[in-house]
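To keep things simple, chains are lettered A, B and C as they appear, and every chain counts its residues starting from 1.
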Amino acid sequence: MAATKMAPRSPIARDRLVTAGGLAAIAAAGAIGLVLFPNDLGFLTRVLATALLVLSLDLVTGYCGVATLGHAALFGGGAYASGMLAAHGGIQDPLVLLAAGLAGGLVTGLVSGLVILRATGLPQLVLSIAVVQLASALANKLSGWTGGSDGLSGISPGPLFGRFAFDLWGQTGYLLGVALLLVVFAALRALVLSPFGLLCRGIREDVIRVGALGARVRPALVAMYGISGAVAGLGGALSAVTTGVVGLDSLSFERSASALVMLVFGGAGSLGGALVGTVVFQVFEHAVSAANPFHWLTLVGLLLIAVVLFLPRGLQALPARLAGLVRRRAAPARGGA
Amino acid sequence: MGLALGIATDALAYGMVLYIISIGLSVTMGLMRVINLAHGAFAMIGGYLASWGLQSLGLGYGTAILFAVAGAVLIALPLERFLYRRVYGTHDPLPQVLLTIGITFAIIGIANSLFGPTLKPIPLPEIFRGPVDLGFRTVPAHRLVVIAAGAAVALGLWLLVERTDFGIRLRAAVDDARMASALGIRTDVIYAAAFALSVALGALGGVLGAEILPIEPYYALRYMVTFLVVVSVGGAGSIGGALGAALLLGLVDVTAKYLAPEYGEFFFYLAVIAVVAAFPRGLLGRA
Amino acid sequence: MELLRVEALTLAFGGLRVAREISLALASGDRLALIGPNGAGKTTFVNLVTGQLAPDAGRIVLAGEDVTRMAVAARVRRGLVRTFQISRLFRDMSVRDNVLLAILQREGRTARAIRHAATDRTLVAEADAHLERLGLGEVAGDRVGAIAYGQQRLVEIAIAVALRPKVLLLDEPAAGVSRAEQPRIVAALAALPPDIAVLMIEHDMDLVLRLARRVVVLAAGALVFDGSPEAVVSDPGVRAAYLGSYGT
């Protein structure tokens, strides 16, 4: 009775297995998208860029407990950095443009982290909104650089590695996005499992406890904001490179709010949850708005309400929830036998 | 001089609209500790009901306001009972954000399909339409009505909270909900009443402010942030703080839009950051 | 060797004086119990020493260094460690990770962001050894939120020990623990490293008599007794403090 436990695996081996499984799932989903939906690669690439934004948000919200409704500022920072380098600097190498987005996001992340982390609770949430609205107003005002409300155009990246052109079908862009997501996912898995990641989870759970361990909380959070900015910036740059335009919507409150919605929908504090939330939500939204343009927003709203009521820890908790239901169903049957 | 006075009246009127709508949100956020992003949607419901009452049902202006306020409360109370109550005071704000954004989306979608995407006018009665000569200047009568209504709401709330039995119970529940319920105060009834009051004020503000914040389906999303900002800057749960914040931010916003319209909301949010950095707990927030 | 010296520590909230010129010294190996009636200012005193509260006047010297103006975390890094009256643990983490995080922080490794937190086997082994010693080996892989309350109190002690304190402040280490679980807490406290200085807030005189070799009594924010556990029960000043005729 007692000796039926499986031999305990080392935590490192178990975590590696999860990472490998996640990478395999991303690759498989990427291949499915390519084969089954060759006409929707543009939409799917947008989903990938958003996935990077939501992963980035998960780092500060899910792992550090900082609630923010202004995270699109980091995405937009990357998108504009990359877009302006291409449009005004004449740079065409897509990898250089991605690097520019990463750097732009990193800087935006550090700056907005320094502002947002001055407060906690509701004032913090409001500061985060103020940051993204400020960035948006600024981008609108500096229209000479950003194109203002018309958007920034004239981004024409050359072929990837000098060989694969960004064609009309969007295959190159899509595959670039999938590759980027694989790399980012692997890197972020390592990050959240590292000593630094453990510290951040500690900060989310109890700031005072972490201080009583002797840790400096603010520098850790600002550093995480920088990393988060780099990831969101990559997403923004991916969007700029693959669509060829950057609009004010890339750093809007609406994008920030929808990123938070997708994160909580999938399950904050889990990288897999962030990805599943992004994909399911965007596909649902895409399908429902195409099928029923009159009621789609109502349906999206009802979906969110249902998640809060029935899956408070997001979609990532769904398998465990279902297993629990099955077990409860099975239990009385076994008892009766 | 004329410009300054014009800015001042507009700012005061705008600030009062922000106040009437936001004060309800401030009460619920201070009391039930719930971040209610759907508050703007209740103000919008008030606007739609008033417009419908005036244009299709042939109600008078005063009756239409009563109809709008009562209707919004009737719509909101079941939501309070079956949805909001589950997320009151949760340590984690994320479910609150998700739930109330979901409610907002659903209300926008329903409003859009019932009333269409166009602006809904709320025609003013004859006496509010014309200009009023104040001696040194003429201003639209509607602005004066809004300013007076804001002042009346502030005074009425103050009397309610400071002078009535309900106010005593309300303050007890705000200070310490567990203690209050141990003393036999029915906190669930207090919560429902405070929620109804909050929605009623929101709907009233939605109707009175429709000249300044026009009623259309995306109203709920467009001004969601503005109301939240007013509450936070004033300090959740503070009647005086919300008034100060609404007037201050109204002044900043109107002045900036008169003098530097090309900057959009830049100065508004700059002021928000400055105030939050200087007063992290709100202008008159409790420690 | 003197490890902690508190000199004339004073704090008032408005008109209420919650600490009145408290002076106290702790040396290596000391086992001191801080007792006093409810509201005497015991937890306030601990919060002042750890830096959660800033004093109006007075000085705190840790192993020869003035730490009065230092942040909480900086004092911890210098060896001033506390536990909490109501457990503050990372409830969503495993028991092992709670202790491992403390060790990683002590070793200054929490800025490392690439390799797995459990990569250094000596540190993981150390965490497991702390847990074994307190009888928590069985639950090392469990989520803290899922283990018994008495076990959580032991995790609190394991974290404190893992930080290698010079001075350890225990805020009611047995609070809320059932009679049946108490012996394990007592054993854990008796087995603390002998050379560190320990100050313990405790109500239970039984525990105080078993663990402390010196007792100080706080009443209305002031120190009214400093002496042996045997003497404290018969001291008239202490009796007066508990009966409420002192202070105000």
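Following the convention adopted for this analysis, a residue touches a chain if its C-beta (ideal position, glycine included) is under 8 Å from a C-beta of that chain, and two chains touch if they have at least 3 such contacts.
As the structure is a prediction and not an experimental result, all values here were calculated from the model.
**Student:** I need the common contact partners of chain A and chain C, sorted by label.
**Tutor:** The common neighbours do not exist; no chain touches both.
**Student:** Suppose chain centres are the mean of their C-alpha atoms. Which chain sits farthest from chain A?
**Tutor:** C
**Student:** Find the geometric centre of each of chain A and chain C from their Cα atoms only, then give the gap between the two centres in Å, rounded to an integer.
**Tutor:** For chain A versus chain C, the centre distance works out to 41 Å.
**Student:** Compute the distance, rounded to whole Å, between the mean C-alpha positions of chain A and chain B.
**Tutor:** Using C-alpha averages as centres, the distance is 33 Å.
**Student:** Taking each chain's centre as its mean C-alpha position, how far apart are chain B and chain C in Å?
**Tutor:** 48
**Student:** Hey, which residues of chain B end up touching chain A in the complex?
**Tutor:** Within the complex, chain B touches chain A at residues 29, 35, 83, 86-87, 93-95, 97-99, 101-110, 112-113, 221, 225, 228-229, 231-233, 236, 262-266, 268-270, 272-273, 276-277, 280-282.
**Student:** For chain C, which residues count as touching chain A in their complex?
**Tutor:** Listed in rising order, the residues are 50, 52, 72-74, 76-77, 81-82, 84, 88-93, 97, 100-102, 104-106, 109-119, 141, 159, 163.
**Student:** Would you pull the chain A residues touching chain C in the complex into a rising list?
**Tutor:** Residues 8, 10-12, 15, 190-191, 193-199, 201-202, 205-206, 208-209, 211-217, 220, 223, 227 of chain A touch chain C in their complex.
**Student:** Per the contact definition, I'd like the list of chain A residues that touch chain B in the complex.
**Tutor:** Its residues touching chain B are 61, 67, 69, 115, 118-123, 125-127, 129-131, 133-134, 136-138, 140-141, 253-254, 257, 260-261, 264-265, 268, 294-305, 307-309, 312.
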